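Paired with subunit B in one complex and with subunit C in the other, subunit A is shared by the two complexes that follow.
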Partner chain A sequence: MRPFRKAHADPSPDLYDGERSMAAADAMRDREYSPPSSISQLRVCFVNQLALYSKQRTVWTAVALVAAIPLLYAVLNALAPSLIQASDVANIHAGRILAALPIASMFMASAVCGSMLPQEYNERTVYMTLPLPVSRKVFYLGKFLAGFALCAATVCAAYGISIAISSACAAHSYTAQMLESLAMALSGLFSFCAFAYMLSTRMTRGSSIAPLVALAAAIPAACIILAHAVPGSTCVLGYAPVFAPDLALSMMGDSTHMSLWGLFEYPIRNSLPGFEVGPSATVMSAASLGLGALMLWAGGRANDRRDMR
Partner chain B sequence: MRLAAAALVAVLLLMPSLVATPSDADSFQEVVGTSYLPWHRTAEPLDSTYLDHAQGIGRLFVSEDPEDPSFRSYMKGEIPISDLSWPEIEEGRSYYVFFSGNRSLVTESHGVVELMSLPHVLLEQDPPTMMRLKEGTYTLSAEHELTMMPRHVVVTNGVGWSESYTMRDKTLTFRVFYEDTYFISMDTEEYCTMKFHVVSGDVEVLPSSSGTDSCEVSTGYRWARGIVRVDPGQHFFSCNVFPEGSDEDKRFMEEVVKPMSSIVPEWAKNAGTVIETGQGAMAAYELIYGDSMVVRCSDVKTTADGKASYSTSSRNIVPDDLRLFGPDLKDRVTLFAMANEPLSLTMSYDFIKYRASLTANGSTMFLAPDCRYDLTFSESSQLDIKIAPSTVAEGPEHFSTTVLLSAQGTKAPDGAATFAAVALIGAFAVTISALFLAGRGPRWPD
Partner chain C sequence: MEPDEDLAICVSGLTKRYGDFTAVDGLDLNVRRREFVGLLGPNGAGKSTTLKAISGLLTPTSGTILINGIDSRDHKNAMTRVGCVIETPMPYPSYTPAEMLTYAGKMHGIPKDEIRVRARDVLEELRMWSWRDKKIGGFSKGMRQRVTIAASLIHNPEIVLLDEPTSGLDPRGMIEVRQILKGLKSSGLTLVISTHMLKEVSELCTSMTMMNHGREVVSGNVADLVHGMSGKGTVALDTRVAKDVPPGFLKDLATLPGVAGVESTGPRSFKTTFSGSDEQQSAIVDFIQSHGLMLLSMSESGKDLESLYMSLTDEEAGA
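This part shows the complex of A and B:
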């Protein structure tokens, strides 16, 4: 009887009677098995979420929003030319075309990121994913990055189409300022996506309406009222990320845009004075990215603690 | 570290965004009167009978001395016009007539009188004072009693509102009803020093300083030349008119029109010319703003006694073969002001000839010459700076072809918007493509 040998012990060449006919690599010998790296996990989760989007209506919503810009512009230009007044400066004209950016970016963020995680839990697909060698944090982050990438690409396309239309009509263009405005809009979008995603971790059923209402109405109204009640607080509240699209469009030169502050600025100034949107683009970007990261972290903690049931 | 940060925030919050200087209720600003019209003098003395018909042609002064020293002193601003006195008019004696207002002198008794343009005809004055006045009451006081036409003090904001006042007993009180930028000037031919006092209200005198990186904004003035076809006879033209192809025509072209192309006018204007038209075509030159030209022509008939009579009717002639000379000048500049970024503008131009205005976000403000405007806009704005003539330019010595604009804090257009648009739309296309490609693969790799 041959002595018992441990399974992982290196086989000695004289253990077997015959010669080895396969190389170690082909015979899967001497291999170490470990979970994939975090980057690899992140990439897989990111790509899988993108694949899921290809089978959902979300991507067609994004494409429809982008395609609507030139169509709406052509219709409004034909029916009511005074609504989108031409300008000699392409930035200002593009800002007017992007008047719906605030509400559209909030809507995209809510629709894309507000139901990703709850959908996974409700359809029980998460129970097939999490037992695999992938950490919850990476799973959480990978899905968020996919959602943010889709929303960011939509905002970039909106800017690109607006710039293309306005450049054909205007004589002067200031591209650096356009890109600064885009960066501001993307930083605000990051915070919107993080907020909607964080909110979804605390909901059993995902919702696109709740984060949209919060971003478009509740939070801006709270900031305005608080700034009116507490003098001097506007220097802080004015940098709430919900006002990042307002600042982005102000940088382009548009004064009337579809947000609570953009539509009701003058009545608010008359009835609730004391609030001003923060003027510094750097501070607004930093606030948006910082608060977005904070909300992501908070959502990640909630997801980590969620029971698998 | 915290104290330093708090101090920095305090300084930033206290920094004013617009030009402002501490107001001083007792401060006064010297306001200098200006003269806009040139003076002429008859080349030959006229007899006393002429003077009976010399009413209503502007300001008038007579003297037996063609180089009257007191009148010269007045033109230099050394004495006020009230110090001038006419000599006693005696019948049969002749006098030189000094006058302003009209550029011609045509009478029934003497016909067309040859004129001489006097040197130093325009009293060089400082531009009218530009001040930001708040609601309140202000007074002006003059050093001399002004014996000029009524409503000779003009207060205007330069963009549509203007009020004229008459100074009585060397003082004038006026009221400002809303805060704006105003300038005060005298609409007369007299030289006078006025002082400005604040009774109530607040005044901020805009500082003057020159900026850097100036760019030239030119006016739309150019010389127009056309061929005027008139019937034979004597005609009185209101612009430079010479027989076509004549030495005067060629000389004018060489000495006046061509130098205009390099914005160096070195010419003389010969207005009020009477031309005997043996030919049917005259070359007419006129300094114009825009691209149209009308030659005003009046007929002069000679009466039986040999004296000229002036026809009261005049007609406008649109010349043939109209050509414009001079560079293609702009009268508008478009700038882009970024949101919450300070911007400084300074204009330098001849205030008597032009007005510069700034239009932004639907509102217009006047830009005084040699004053710096520090502006900050809450949103990115298009700034339209326009130059418009305040009076029709008359003569080379009153003409300035260059308006300088200095702007700090603006960006130059880069014209790369097309590339940016393509890149951004391409990013969206790549993302969507990656999305659909991912959807075609297996969910999890092996």
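This part shows the complex of A and C:
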């Protein structure tokens, strides 16, 4: 949003600050305005939220996370080359570089989408927007889309950098699988963002910790335990969206990833057998998108009913 | 309910409950076009709750609200011609006033090239033009309040709702905001303010509704309500004249109809205890002028909004 200084010359120094410099007709004081369509207002909310991000540390944190990937890779490669083993296949190598994708995407979703609405309520900026002729649904959705867009851009950038690094030293690459993996990661990210956002509508103060703990530990642990307790339930529980990043990295051909399942797979298989991450990418994507949409809807209902005391 | 064309806001049977607590209880409120209505009452009376219900910040438990004949549940259409400053809103601290008004303008559907014109006009009116590109986070409370008022005016509203607009401001800030409100009043807007500052109601409002415990206590024209307090007390007329009061003048003054007593407060001033009509008060002025004393000032105290407020809230407390 550009400042006005270029559009209007500064008023004359003799002009008393407080006097209007324009006649009524020039100042359009008689003009009546109608609010634009909901789509236009959605776009305004979306752009507004992105503008707020650009003025806060959020964007720079995301940029730092993405920029850290090649730096971290270079450092680990120099200090402990066996940690990120190069491969002939770019997909596998990129998958290893993206090992932190599960926890990183959950963290980003929790930090960005878990705090947007509570911040508006607590800082009272929401009292500027809600009395405007805009529905709460549009406000709610516009902010969510901005948060998701930021997180998605970060994940895409992380994939891009990882693939670029791995392609430089690998002989083979399978682009279709890379794109499928990215799509899977984004659908999982969508459900994480929706979950954190929905949770924030029910909290007085925002929390990045609560959704992160739920996504990274509580929900996966519950699925694994239930699958062990209820034989045959893994065909459903294995498609919980929290395992979407695991599946995304598995599709790249790599098995090392920073998640509850990725880090503790073998001990879990030994002590709590019965759980498997769902193999079908289509079903996992559908489950992630569907559950994400459901949580978004639930959060929207809570937001609609919220009384601004 | 048939919408009345002359009514800007029509509130009927408004009730808001939070569990067992009733914040507003069956309130009826009609605001005519170009009226300046004050919602007066002590803390917790339900004033802010009423304005929040009208502006869509909360959902009434029961009752209906029509804004320009449109049901407030159709929030987008009902709020098209309304500007609000409710509950001391905070503009985004990282924004400048120009950016904040651009955001508000876009939401109201103001074309891009007109937003700059409208923003300049309202910022100049509120003496914020020279601050247009400074971050709001560094502003004082009074300056932030002016930005929020500017955002509520950018789209040329017909109705403006203000919830305790001078709350938390220093004396200079209060005076400035009141001047702004006087300016808005003279431009023909319909204004509703909630306040517990009697001075604001008596100086600015044409009509008022006094609330207590979520219910209307009294409503009507401010002057009528105050002067209709017959028998509720007398007023003191503090009078200053340009010449020394001659001997016998005060004794003669005390015989006029409506005068309960006269007391000298200086060689050129006196206090009259008065409980008569406006015509009888005018007769006192004529009496002073006929003695060649050249009236400088006559201020009324006692029979005013404060007395009305205290008496009505006392009655409510005892009820």
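Keep this in mind: the second predicted complex is superposed on the first by the 276 of 309 C-alpha atoms of A that agree within 3 Å, B and C clash if a C-alpha of one lies under 4 Å from a C-alpha of the other, contacts with A are read in each partner's own complex, and residues count from 1 in each chain.
We take it that a residue touches a chain if its C-beta (ideal position, glycine included) is under 8 Å from a C-beta of that chain, and two chains touch if they have at least 3 such contacts.
Keep in mind the model is a prediction, meaning the values are calculated, not measured.
Peer 1: Does subunit B (first) or subunit C (second) touch A:V44, or do both, or does neither?
Peer 2: In the superposition, A:V44 contacts both subunit B and subunit C.
Peer 1: Which partner does A:M178 contact after superposing on A: first (subunit B), second (subunit C), both, neither?
Peer 2: The answer is first: A:M178 touches subunit B but not subunit C.
Peer 1: Could you look at A:R305 and tell me whether it touches subunit B, subunit C, both or neither (first, second, both, neither)?
Peer 2: After superposing on A, A:R305 lies in contact with subunit C but is clear of subunit B.
Peer 1: Which partner does A:E32 reach: the first (subunit B), the second (subunit C), both, or neither?
Peer 2: second
Peer 1: Is A:S288 touching anything from subunit B or subunit C once the two structures are fitted on A? First, second, both or neither.
Peer 2: Neither partner.
Peer 1: Which of the two partners, first being subunit B and second being subunit C, lies in contact with A:S259: first, second, both, or neither?
Peer 2: neither
Peer 1: If you stack the two complexes on chain A, which partner ends up touching A:K55: first (subunit B), second (subunit C), both, or neither?
Peer 2: Both: A:K55 reaches subunit B and subunit C.
Peer 1: For A:S191, select first, second, both or neither according to whether it touches subunit B, subunit C, the two together, or no partner.
Peer 2: neither
Peer 1: Quick check on the superposed pair: does A:T234 touch subunit B, subunit C, both, or neither? Answer first, second, both or neither.
Peer 2: neither
Peer 1: State which residues of subunit A lie in both footprints, the one left by subunit B and the one left by subunit C.
Peer 2: 44, 48, 51-52, 55, 132
Peer 1: Enumerate the contact residues on subunit A facing subunit C in the complex.
Peer 2: By the definition above, subunit A touches subunit C via 1, 3-5, 7-8, 11, 17-22, 26-36, 40-41, 44, 48, 51-52, 55-56, 123-125, 127-136, 305, 307-309.
Peer 1: Give the list of subunit B residues in touch with subunit A in this complex.
Peer 2: Answer in residue numbers: 334, 336, 338-340, 361, 378-382, 384, 411, 413-428, 430-432, 434-436, 438-441, 443-445.
Peer 1: Along subunit C, where are the residues that touch subunit A in the complex?
Peer 2: Residue positions touching the partner: 18, 52, 55-59, 75-82, 84, 86-96, 98-100, 102-104, 106-110, 114, 116-121, 124-125, 127, 129-130, 132-133, 148, 151, 155-156, 161.
Peer 1: What residues on subunit A touch subunit B, complex-wise?
Peer 2: Against subunit B, the touching part of subunit A is residues 44, 47-48, 50-55, 59, 62-63, 66, 87-92, 95, 132, 149-150, 153-154, 156-157, 159-161, 163-164, 166-167, 171-179, 182, 247, 249-255, 279-280.
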